[in-house]
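Next up, some structures in structure tokens.
You will see two complexes here that share chain A, one where it goes with chain B and one where it goes with chain C.
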Partner chain A sequence: MSDPLAMPKPSAQLRAMLPGLLLIAPAILAIALLYVVPLVRSVVFAFVDADGGFTTAHLATALELYRRDVIFTVLVALASLCLIAVISIAIAGYLTLGATPWAVTVLRWLYRWPLFIPFIVAGQTARSFLARNGLLNSLLIDSGLMDPATAQSLLDWRGLVLTFAWKQVPFVTLLLAGAMASVDRSTVEAARNMGAGKLRCLIEILLPQVRGTLSVGLILSLVTIMSVLSVPMMLIAGNPTMMTSMMAHRVTYYGDYAVANALGLFSYLITVVAAFVYLRMTLAQQPENGR
Partner chain B sequence: MGIEALALQGLCIRLGGAQILHDVTLDVAAGSFTCLLGPSGCGKTTLLRAIAGFAPLSSGDIRLGARSVAALPPEKRGTAMVFQSYALWPHMTVVGNLTYPLKLRGVAKAERAARAEHILDLLDLSGFGERKVTSLSGGQRQRVALGRALIIDPPVLLLDEPLSNLDAAIRRNLRGELRRLQQKLGITTIMVTHDQEEALSMADTIVLMRDGRVVQVAAPQSLYTRPADLDAGRFLGVDNIVAGRAEDPVQATTLGFRSVEARIAEASAANALTRHGTVLDCAYTGGGYHLQLDTGAEVIAAVSGAPIAPGSEVCVAVPAASLMAFGPDQMLLPN
Partner chain C sequence: MKRTIVLGAALSAVFSLPLAAQTLNVVTAGDTNMVDYINDYLGPLFEEQNPGVTVRALGTGPGDGGSQAMYEKLTAQKDNDVWDVDVGVVHQRMAGQMVSEGLLQSYRDRTATDELVNAANAENALGVDVSGYVMPMFQSQIAIAYNPALVDNPPQSYSDLVEWAEANPGQFGYNGITGGMAGVGFVFGWMYAFSDMAETLINGPFDEATPASWSPALEGLKAFNQSATITPGNAGTLDALNRGEIAMGPVWMDMFYTWVADGRLNPELQLLIPTPGMPGQPMYYVVPDKAAQAELAVKFIELATSPEVQAEGIVRRFNWLPGIDANAVKEQLTADEWAVLFTDVTPEVLAERGMSMPQAEYFSAILEAYERQVSN
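Coming up: the complex of A and B.
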């Protein structure tokens, strides 16, 4: 009361902010309770021993037992992303530049189907398709393209890469085709006018203009691949395998949350790198888009 | 590649059931500047796109020099087009935009840089080479787009309303610049425009189009003074259309003239069309006054050096040489 000028100011400010705070409170609460707390907990518990002290033993165990799985996971994820990128660019490019209207229509109708199929069904389908006596090999043998003696099972890293790509290509294509459709069409026509064929237009004119969208699609796919449990569980029986199934294994059979958390830490690190690249890229593009 | 003539023979284009171009036949001389002029929707841009290969023909042929290009995809035709939106590649620098066509042609890097430098000089853009095209002004972008088209030394240059996105002052400047550049390089040029002033001041030949058809092909002066029919006349600024009378110096169903040719006269002049009327409106237009007068049969627009009060009875005279005579079928009558 001694300073009548200074007092009302903060409370008035607070009152002005209150509706806004109330409005975002549920969202913040949900993020905090459902995401931040478990995340912090799992990171913390990766470094806490049975007595509550700090330890790097879990990390060491995780590395010692599962180093090959971590490397395998990274390689499978990268190979999947490469395949996803190549196929999505090809499909989105054809949807944008294709000159055969019926083929474009059919492709546009077909490519989205895997979006509506859950991962577990995709895993199951891939299993019966890619196994040694699966549909793929049967077809190849029946058509005389393959000698039955050379038939081999694709239920290893190749199966994982193919399944992840099959499931994620429609998603990335959807984003990419949308972005390509909104590119100024005359930039492509100008390139063709100057002598560029369609493939060059796709790679040198269209693609650089939708680079950001492609990276977003791939980064989101990476996060999905890093978190899918059903596909590696169904496709791969032996070692090495994806980190998700190893974490599940650790928790289900040993009740060992600490090492599972340590493994989880590696997943975070991998996705953090992707997120960092993504943020850097969007920030670098900002001044241009802001115009 | 050298300068080549362009010949269009019986070009028809149908898009989704609608006939966009009807039997367009046109010869464009090598090294000439031709304007496709017409109101929007008349098919002039479609015609230009057909030459570049972006609008598929239903019938007809396009010949560039001695060879037919009608069946070739756009990238094989060798025409260079400047788009209305400029269509610069936003992910490349100015030099990147200029040299990409050369890169497509397998020109060595040093030569590419030298030619880009030459074009930048030619277009008064020296020092802008490393700028991003998104940081350029409209006029600068327009020049880069033009430079990108010229750098490949094309047999034919196609311009799709290249000046329509610019301010009036810049447009007037670039008009002269573009014309001088065309004459200097002697390149066969076809420009689409809906602006008759632009067409008249730049072209050697104007192709007037309406509803997907060529109405008239003529030099600017003869197009301006002798439009093929009444609609062409209206499009070219013939704002007075009056019914012919027996005492008129030229006998025709309909006579047309521009308001600048219609002047206030003291009495009926010899060898001139005269009409008496009441002044409806008198507006200052800078340097003179623009009048609307009611002759009883029609409203005539005329000019006067001095203001005249509305309601005054005046006589307006148009010299016979400025009259355009149209027959009952609205076609221009021969002199």
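Coming up: the complex of A and C.
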């Protein structure tokens, strides 16, 4: 018989952990099968040639043909995030500091609508709204604000930025308004008593306290923007366009998953940076929450 | 009371099983109109003629991507005894690949409508011999739509078109090669016109050195693009024509007629096919090698390629050109209905200027050369 004191320790520990492990197993399995495996597969296949050997040819093709699209994607994503940040701060700030109750109510009721509209519908709406002879220009021309000859189509990067912002602002605002509402009002009241204007209160008192929430909202928006296919497909004619569109093109017309995967690598790189920042921030926040 | 209901439901479920025993899975590539065609018209018709059969239609998405999805669906279950696709509707390029990889069965001689098939592309799909494996569902053709109010004297050849576009910057629009086949077809027509090797591009054989000789044609296209508007997608071109943003642009003829019939497009617009010609393509009915209901599938395709169905479904309801011998279909239609198909483009012009898509390898090579030299 073996020593009864030495052996049971690890197995008892394991037994204690077992219910927990069993509980999280489905989730881990789902993540592994539906997320990690496809991710690893697509990264690997970006570097495998037809005979199964290692190659960087797909990466070279992706860079040669779609370099401009990669840069375009980054710039459009950044521009969208800037616009989203500015508008969300403005709306959330007014919801928190606004002094006209009916205006706050109307705004609170209105701003969430785009949350419930799918990207593809937003894309179609933008297409008929922003075209050269679309609704926006027609309104401007009819109201005498624009000369018909100078009307131009906004269906390029500007259309993308506007559509992404329109779709993501409610999401970020929702997070931000929630965070601002939970900020200790006394700090704002104190600043107001000292004579600070509303704008100053928003920028110097409220915003620094909800900076973390804003970043989380923007990072999640970035990941969403990087993955949308329908909007660039519907708005952008020709090149450059968003990477998703070119990945789809590669698969549709050439059945070429290798170059599409190589192109996907750039998406991963960009989102990995964002994910890293996101993780660092949530981990840094945790001790505070735990206290 | 509750128990009786449950028992009753269980019993009726058991008894209704044998009735729904036969399900015919029709999987179709192409736009939603393809699924509509099966769900709204052909499926119910077949179910009515074959009691106990349920036709289930599934769409795999527009363009060659839809056919690609079906190809992947079949290869994924290659080692199974039975596959879950009974009838497939695919584009030309993938049909060739499926035949050469042994994914399809030869069925044409088992249909009664075999002798009505007379199209050349029923024998040869972009350079691959598909004789016996496919029957065309319909033929469709790319043409240039123009607005007579803005274009008095429409150019009749690609060379004239270049001059016209230069004189009218921004007035010609097409959807590049990433937004749908109408734009791709326009580029193929351009290559037929300016590469001096239309025959080789269509019939092969493929030579890897050839694409290098396309530079002048592609440079010309790059210059042409400077004065052209790039539209987002096949529908984008029609939208832009409708809003008067462009005066000319390549479109699918069937889509054009459908939009006009639905009141979505200015009926004043007209069609033309410039010389030397523009490509068109059929979609094919195929039966996968290990289809569960192969006999039923053949029967379904026989109905689909009968003159009555081709007249009512393909021509009258969906504005496509018939897949089988046009003369057999013409007998089923009034003179007026027939004339609608050929209002702007006469049968003679169609016969002379309606060309095939390039051979499969040139197909990809032209697209990639375009990406390399024109859009970059």
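We take it that the second predicted complex is superposed on the first by the 275 of 291 C-alpha atoms of A that agree within 3 Å, B and C clash if a C-alpha of one lies under 4 Å from a C-alpha of the other, contacts with A are read in each partner's own complex, and residues count from 1 in each chain.
Note that a contact is a pair of C-beta atoms (placed from the backbone, for glycine too) under 8 Å apart; a residue touches a chain by one contact, two chains touch by 3 or more.
None of the values given here were measured: they were computed from a predicted structure.
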Contacts of A:191 with chain B and chain C, given as first, second, both or neither: first
More chain A residues in contact - chain B or chain C: C
Which superposed partner A:133 touches (first chain B, second chain C, both, neither): second
Touched partner set for A:144, first chain B, second chain C, both or neither: neither
Contacts of A:53 with chain B and chain C, given as first, second, both or neither: neither
Partner chain in contact with A:19 - chain B first, chain C second, else both or neither: neither
Touched partner set for A:239, first chain B, second chain C, both or neither: second
Touching residues (chain side chain A, partner chain B) in the complex: 184, 186-187, 189-197, 200, 204-205, 208-209, 211, 288, 291
Chain C-facing residues of chain A, complex: 64-65, 68, 127, 131-134, 153, 155, 233-239, 241, 245-246, 248-249, 251-255
Interfacial residue positions of chain C with respect to chain A in the complex: 63-65, 68, 71, 175-179, 184, 229-233, 236, 239-240, 243-245, 364, 367-368, 371-372, 375-376
Chain A-touching residues of chain B, taken from the complex the two chains share: 52-54, 73-81, 83-85, 87-91, 100-101, 104-105, 132, 134, 148, 152
